[in-house]
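Note that the chains are named A, B and C in the order they appear, and that numbering of residues resets to 1 at the start of each chain.
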Amino acid sequence: MNWAIEVNDLNVWYGDKHVIKNVSFKVPKNIIFAVMGPSGCGKSTLLRAMNRLLELNPYARVEGQVKINGIDVYSDNVDITWVRRQFGMVFQTPNPFPHLSIYENVALGPKLNGLVKDRSELDELVKHSLQQAYLWDEVKNDLKKPASMLSGGQQQRLCIARALALKPKIILMDEPTANLDPVASSKIEELMLELKEEYTIIIVTHNPQQAARISDYVAFLYMGELIEIGETSMVFTRPRHVLTEKYVVGRMG
Amino acid sequence: MNKRKVIEKVMLGVISSLAIVSAIPIFAIVINIYSEGARHLTLDFLIDLPPPPVGGRDGGIGPALIGSLILTSLAVAIGGSIGFFTGLYLSEFSHTRLAQYTQMSLQIMVEFPTIIIGLFAYMILVAPLKRFNALAGAFALSIVIIPYIALNVREAYRSIPYTLKEAAFSLGFSAPTAYLRILLSTARRGVLTALLIGMAKAAGETAPLLLTILGTTFTYFGGLDQPINAIPLLIYNFALSPYERWHQVAWGAAAVLLTIILTIFIISRLVVREVKI
Amino acid sequence: MSLKRPIDYGLERLNGLMSDMVNLAGKALKKSIESVLTRVDNIEEVRKMSSQLLFMMDEVGELAVQLIARFQPVASDLREIKSAIQVSYDFSRIGRYAANISEIVRMIPEGGCDFTKVKELSQIVLEMVEEAGRAYLSKDLKKAEEVRKRDDQVDYLYAENIKYLIQMGGKIDTACLLSTALILRYLERIADHTCYIADSLSYIIIGRKQ
């Protein structure tokens, strides 16, 4: 069976605090996989444990396996920058590099990682990525303008294009619409439904309705533990665990 | 009008006056120096050898200017690079013991009496060579500016939003690329300002030069192991002399130094445009 | 941006199920009438189609509930989903009546019966079923209106035919009499259900039954 990513017995500590407890799951390819749970349950930590971005935090300690294509990203002979390039990541607050233009934001990754041979290939890659993010038509005449001039929703789509430019297999999204207005949010959600044709998307959300709307599989994380995981329609019509039921109907906390 | 409003207005008046009072010195100094020294700001003055105490040509501050340029460049080259990387380390590895001790040391050093730094440079570089030399001066100046640059570079990097750091690393860049190409661009205003102000300090500090360079007035440049002059030192020596002619040269030198400092300051505000987050 | 809403993916699935039901109900009715008119025993086949329609009704119900749980549908989306639940029931009833009609074959006596009246009414009702299905799938209000009009005609014919049978009384074989009466009854009920389908379409499009 071809899994996009397998997580086996993952444990994470911040200092002495045990924040992810024995989490294991497998994510099939080309689906949207949502991780939902109340604030502080560890969802963002879990996401960053996958692309090893967690290691930017000097107090974090990880045990367990995260496997993509059979390779454990935590094994000793794996290059951490290679690991991070297998994933594209989109963050809660849109974070394009403010001093770079729209074009440069998307081009930076491929250029500095040596993915393209010449300028015309780079132009083509930038255009394709912006098209995939449904931003091309809005910015094609303004590629040299600074990224900070875009609206919030456009900036987030720019960040998606930037992530796609490295041609990752998996896209990690950390509450990507939490800081956007409803119209911009629905655009991003619709975009995700299209992107799953080509990529596997793992999204962390604090909004169970969002998980219900767009995901195929959903995992419910509570205080660092994986309480339930299953097909979204099942989890939202017949959750198996009483905590899941409480969370989705809004009786938690 | 009730009592509270009156008190508010009085307080506002007092605070505004104090603000004006604190801004007065810089204007007073600028006006004072330029009124005495601006007439000397000619090309000849910048190039010529200093005049004899009496008689002869009017002369200039050529050797001191060259000396200042050399010492400042050296100090910024050494102090700037060490300071930059130290500041970067302090920001990004702040959790280590080394970073914590270093930061504390640098915060102390920023306030250090610079004459003591000059004395230290004397012991390290003047005594063994048995003469005053330019290298000792540059060395002393570097030590003066390293803490300042390091702490400001640290602030510049610390003010980068964490999410930009995450973005840079999530794109799979190595640490050097992330810190030195991407994040440096984001922090460039702070870093450049730190370097420019460090440059201004190196150009203007006098105490570190007193015990290190001697202040020879008649050669333009004899080598790093030889004595050298610098504008602040020239001002000191000439102002204390009994010769009116040398007093004039000192005023002119002061005007030159002030112009250099103000120019650096203006450049640092204008050239690096604000990076809008 | 012409991207699909999350709920659109679900509504497409729902429409697909409804379309299958429309086709199957039409087939079942056609088969049952054909078997009566040609005196061929197709009971098993029609019964299978009827069970299938029942199963599909459950599927539609389950899918509708999932769509409501996942997408908080409002307005026309919500009405469409509610109507699908009702209309799937209507089609499952049509399938049931078709099965009932096909069972009449075993009642027909050796000599056969004169089913001209049945043929006439069944033609109309079959057309109504197909029209109602097409109208529902293409959300065509005018077509639905026509279905409703034809129901008047069906009611009239039904009443007339029953009167006729009562008049003919002993002159017709009892088995034929009962067969005809039962088939006419089932056809009349089927026609009623097509009207309910037209009503549901109205509800989706303008928010109330006409």
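Simple rule for what comes next: a contact is a pair of C-beta atoms (placed from the backbone, for glycine too) under 8 Å apart; a residue touches a chain by one contact, two chains touch by 3 or more.
The structure presented is a predicted model; accordingly, all values stated were derived computationally and were not measured.
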Chain nearest the overall C-alpha centroid of the shown protein atoms: A
Chain of greatest Cα-centre distance to subunit C: B
Distance from subunit B to subunit A - Cα centre to Cα centre, in angstrom: 47
For subunit B paired with subunit C, centre-to-centre distance based on mean C-alpha positions, whole Å: 92
In the complex, subunit C residues that touch subunit A: 1, 3-7, 9, 65-66, 69-72
Subunit B partner contacts - residues on subunit A that touch it in the complex: 51, 53, 56, 58-59, 81-85, 87-89, 91-93, 95-100, 108-109, 112-113, 146, 148, 159, 162-163, 166
Subunit C-facing residues of subunit A, complex: 134, 186-187, 189-191, 193-194, 209, 212-214, 232-233, 236-237
Subunit A-touching residues of subunit B, taken from the complex the two chains share: 93, 95, 161, 163-174, 177, 181-182, 185-186, 188, 275-277
